[in-house]
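What follows are several structures.
Each of the two complexes below includes chain A, the first together with chain B, the second together with chain C.
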Partner chain A sequence: MVDSHDRSPVRSARSGDIAVIYASDYLNKLSGERIERECRAHLGAGCRALVVDFKNTGLVNSIGVSIMLGVIDAAERAHAPLVFSNVNSQAAQLFEILGLTLHAALAADEHAALRMLSDLNVAHPQRVPVGKHT
Partner chain B sequence: MSTDNLFKAAPAKRILGRIAPENFIGRSEALREIAALAPSTSPRRGLLVHAAPAAGASELLRQAYDKLFRQRGGASPIYFAFTRHEQTIAAAARRFLHTFLSQLVAHRRGDHSFVNAPPALRDLIDLADPSDYEWVERLVLTYERARDGSDELALVRLCFSAPVLAAARGARTVVMLDEIQNIEKLRGEVELGNEIAQVSMHGDVPFVLCGLRRGLLDELSGGNAPHRFDGFGTIHLEGLNEADARTLVERLAFTERVAINDETRDLVVQLFGGSPFYIASFMYAAHRDQISLTSFLECQRVYVDELLGGRINRRFNSILEEITPSHTTRRALVRLLHEAATNAGGKSPVEAWRRRLELEPDELYPLMFALHVRELASFNATFMEIGAESLWRDYLRASYRLQVAVEPRALVVADTLVETLKRAPQTMARHYRRAAALNLRELLARFDAQRVAASLLHYDRFSRIYRGVESEEIEIGLDAETDLIRLPQVVHAASCASFHPPMLLVGDEERCAVAHGFDAMPYTDANEIVWLTAEIDSKLEAGRAVTEVWCERLTQVGHSCGFKRFKLWLVAPEGFSAEASELLSERDAFSSSRKQLELLTARLSPEATEVGATGADAPDEFEMVIPMGSDTELIAAHTVEQIARRLDFPAEAINQIKTALIEACINAAEHSLSPDRKIYQRFRLESDKLVVTVSSRGLIVPSPTNAGTNGSDAREENNGRRGWGLKLIRTLMDEVEFERVDDGTRLRMTKYLRR
Partner chain C sequence: MSDQTTKLIHAFSALADLGEELADTRDFEEMVRTTLHVVLGALGVRRGAVAEYMQDDATLRFVAAWGLGDDAPATLPFAAASAEMLSAPHPRALSLSESEQLKLVQHQLGDTLVATLGELRLQLVVPLVVHKKFVGFILLGDKATDEEFTVYEREVVRTMARHIGVGIFNHRLLREVEQRAEESRGLYDNLRTIYRDTVRAFAAAIDCKDKYTQGHSERVGKYSEIIAREMGWSEEQVEGIAVAGYLHDIGKLVVERDIINAPYKIDAKQSSELNRHPAAGYEILAPIQHPYADIPLMAKYHHERIDGRGYPEGLTGDQIPPGAKIVSVADSFDAMTTDRTYKRRKVFTEVVEDFRKNAGKQFAPEVLAALCRAMLKEVNGETKERVMIKLLGKGYLEPEECRPLLVELIAELESGASLAAGSV
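== the complex of A and B ==
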């Protein structure tokens, strides 16, 4: 069940040069902006790859998804690979319809995302294969 | 709408009131002020009631009369109206005395039957209270002698000083004189207005002097030395505010058994600008003709009937007949008024009026002044400007076609109906835009030299510090900011269009404001400043192009109006892009998003919000109303999930329905300027499908392809990242119908069950 009044800030963790940002229960405008802000902060702090984890996300809306496009842009400008993990079927369908999967990879879970990024040389970043769960 | 529980109070007895007291809406403060004159300890000597036309001033005095009459043992209420049909000052004075004595005796005997059917003057002597008998008899006998004499002034003074005489004998009254503007056309040598002013100021009797606001003081003025009316209070009576007007429509609909809905109720309010007279006339007409008012078409039918043949038509007819008794002149006047109304700006030179009406100045000026006093036109020394009220203009257009162009009535009726029906959505749209506007003017007026956090007026800074931050944290951050801006003390705020009419062509009047003020003390040229503000439509951050356009527009207003020092302040719902912020910084302009504006407003004056409710209907049909915003679409999504489970939809389909519903709710909230900020949902389960209907009231925000004035450029800067809602819904659901209804939009989505 999604808590519609979750007021907790976006959590994030750092694993070397990779930052993992944990999306909240509902990806909407505000939570999307929080994720974007957190991603930009990590990129500004020298992060070289990003994972946005949607393990706790039950529902998404198109405004939240549109903000994820801003995250993709920011990551691309910083040449930082970006992976979305734990995307449920509803969100995945929206990501697909709205074209996010053309620009970012999907991973089954956080570990898979980190594995995917560690398989790449993050110090010499290259584009992560996109559109498929690993 | 349920109105059944609203009106359970026992009806109070009506004497002069034309409508039931419980239907007399929005005037409680004015009523209280009049009633407060009754005690001899009242600090006021009287009241001047400056009334807008058709604002219900007479009904206010009539209701006040009934209220005072019911207060047994207090001052006796007296109501007297100067009518259009009275010919002479002497006749008015005679009728006043008769009315005064009848109503005084009625109140002191507690028998209101004399009020509407006054006995003969001589009979009133016998009917008077024993304590009044002597002075009433003497007054009547004195009056009979004066009536038969030739001294008009003595007669007028005797009649209008009767309340003072009564008070001296212990019979206190509250004298309400209505329609004082009608004194102007009474024949006689006496300056009646001046006499009334003298009595009301110098006697120990409270007077309520009521008339049209453009004529009241002129009638009461004392030549070169206008009366000051010391000790008098003032009531400015205008149309009802929207909330009161809505209540009036609802109550009249209830008592007259006329079916309405929220949409038509609001249309009626807009059609008549809150005028209780017109609203009541309209609702009575619907009752008389047994027409239910549940669609715009039905409303406009009644409107056109009233306009062309009902009470509203008769009101305008009688005003024109009174102003121009000659049929030929009246016909020429209708032609002239209609032609002036169709001119740009509705203006025409006075000289043209003289030539067209073929009247001498001593006939022409009273005519123009009469139109001015009734606010059907404004007389500005060299030109006449026709009143902009759409009801009056509709009447003029129809009258011109019927009386001057002699077109077939059926054609005029049909055209008027079609035109007003086409205009109805525009009327509502304008209302919604007005209601949804940020009300910059009001906010500016509240600045009052207060200091606020600078980030509230710099979007780039605000965004950098607070983007994605919860409101509570923003508040804490703002409180902690040390960089403060001292807002000017605003002394006058008005729309941009009031200063520079071409601004009407590029945006709604409410969305652009000019505020004159001082940014420091003392009041000197150096400290004088003008703030020029505009609200830009933009779903995303406003881009540089649209920002530049608005900076240019406002700068042009500043230069055109000759403002020596001015400051620009632009507001866009989602703020401004980095490039736009750079431009604003170059121009030394302020910028705010809607969020900043809300925070600023709250800091200048806190306001509360309200949450909606839910409901249910039949077992296979569910209804729910949610307020817009605050993620309430999640409540809808959870609800539809429970409903879909009843029909054993698979999990994936349920997810699709939930997502589609979330998008529909967001769409409703984003794309309508909804007056009630509510989303109405209906879920209907059938054997093989779930039908979800999402409706909202209000104006549909135009799409980029038919963009309006304030935001077209901004939407082009959308980068295609928004406006996906409907596309998504179509992908996720099996059938989608989107339609515009009378007053808003309705989205019907169907998902079939595939077992």
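== the complex of A and C ==
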């Protein structure tokens, strides 16, 4: 499972002050640390809220949970709200049991996540189109 | 599925993942980092670290950390006495958040470490102990639920800690074995250097005794090396034969200096005294543990001849060890090509004639052929170094003159044409 040689970039997109990071199938391996690094990079670049999208992520294992806890930590240090979108029911149950949902909201999909953050008035997603992932 | 069941399945599959990660020893630090994720993710712990205890400098080295931001230290001091105290089997997880335990924890870990862990918001300290040896800690922060660790969760952590402890312990063993192997290699290299220097010193001592053959032993070593390499010997064997060349005349150390340096042709008695030197050389070299095979035998038989008319034993053909055949040719070649007390050196055409005449009698033809091939390569500029050209001196090997002679002689030697009739 150690996969230090897997160096393909994590996909992400910007929508105004919100960054959307696609967890894809990196999450359950050490390479998932790149998701957390990508989140921190967006926060460092002035992002005020994060969406992590799980659309192409199957089961989430313990490594995946740990990496998401790292994302939560990074977001909280930057006082940035965090939303998980497209989380399947099994992962959602796990996130709830382990307390991740106390720190990140769940949204049905990316659109809903962006709307949720927009309602919080942290960003203005309508200013910049979200792009092909939406 | 009930929450409790989901939690249990999640923890169990984390344990299975842990086994898989620990079996992967490609990269120790990646392995530890991954296992830390497994532990944190299994219980929903927000931050944590794995620290390895380094006995040599009494420190805790943070091999992996997660959720500590930029605050994670690389190392922290950790008293050997504390490590000793923790080296009991089945250690308990120590909680910094329970005031009734705090005194005990401070006693075991020391106030400074406890304070640092507090600053890092790490509250559960799980010692890693293998074979009653403390190897490090798993350090855990608070859970995402903000609840206390349950008894069941502490058990899960302890089980994981046992696995991770064994992983660290095994890695440490491997590191120690590698270090020892490295030290042994260094020691072995040193010994070889000492051995080679000693051999050179002996060669110089041998040549000192014979004022007319200065540098003879060293040259014989170099010619032997060149011939053996040309014959396809391994580098180890080539090194060995160079040593044999350096030491082939070591027996002369016990022969009277007057006989060796006689400015006239010596008589029969003196000759038999001189002829003792190969056997005497064997006596000197045999008790020594050489790093190469057959050095004493090469010295003993370097005056044997293929036709059986040599000494000390009158061996014939393949009774003579291959190395001795090489040293013999190298020895004679140097004798022919250097000035001696009672005769000047042969010119190159005479050397070729001698080789042709004595192939299969005094010398092994395949050894002569190898020497000639190596010489031809140097003359043709096909070698990086021109060792023989340098040893023989400027102008000795005139390319235009010696090239056709060498080509012809090599062909004869390789076809067996110059083997004297009746020779072995």
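Definition applied: the second predicted complex is superposed on the first by the 111 of 134 C-alpha atoms of A that agree within 3 Å, B and C clash if a C-alpha of one lies under 4 Å from a C-alpha of the other, contacts with A are read in each partner's own complex, and residues count from 1 in each chain.
Keep in mind that, in the parts below, a contact is a pair of C-beta atoms (placed from the backbone, for glycine too) under 8 Å apart; a residue touches a chain by one contact, two chains touch by 3 or more.
Here the structure is a predicted model, which means the values were calculated and not measured.
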Chain C versus chain B on the shared chain A, clash or fit after superposition: clash
Partner chain(s) touched by A:Tyr26 [first = chain B, second = chain C, both, neither]: first
First, second, both or neither for A:Leu102, with chain B first and chain C second: second
Among 402-410, 456-464, 726-734 or 744-752 on chain B, the segment whose C-alpha atoms clash with chain C after superposition: 726-734
Those residues of chain A which chain B touches in one complex and chain C touches in the other: 1-2, 4, 30, 33, 61-63, 65-66, 69, 90, 93-94, 97-98
Chain B-facing residues of chain A, complex: 1-2, 4-5, 7, 9-10, 26, 28, 30, 33-38, 59-63, 65-66, 69, 89-90, 93-94, 97-98
Chain B to chain A touching residues, read off their complex: 467-468, 470, 631-635, 637-638, 652, 655-656, 658-659, 662-663, 666, 721-722, 724-725, 727-728, 731-732
Complex interface listing, chain A residues touching chain C: 1-2, 4, 29-30, 33, 61-67, 69-70, 72-73, 77, 90, 93-94, 96-100, 102-103
Touching residues on chain C, where the partner in the complex is chain A: 1, 3, 6-7, 10, 13-14, 17, 20-21, 24, 26-27, 30-31, 33-34, 36-47, 66-67, 69, 143-147
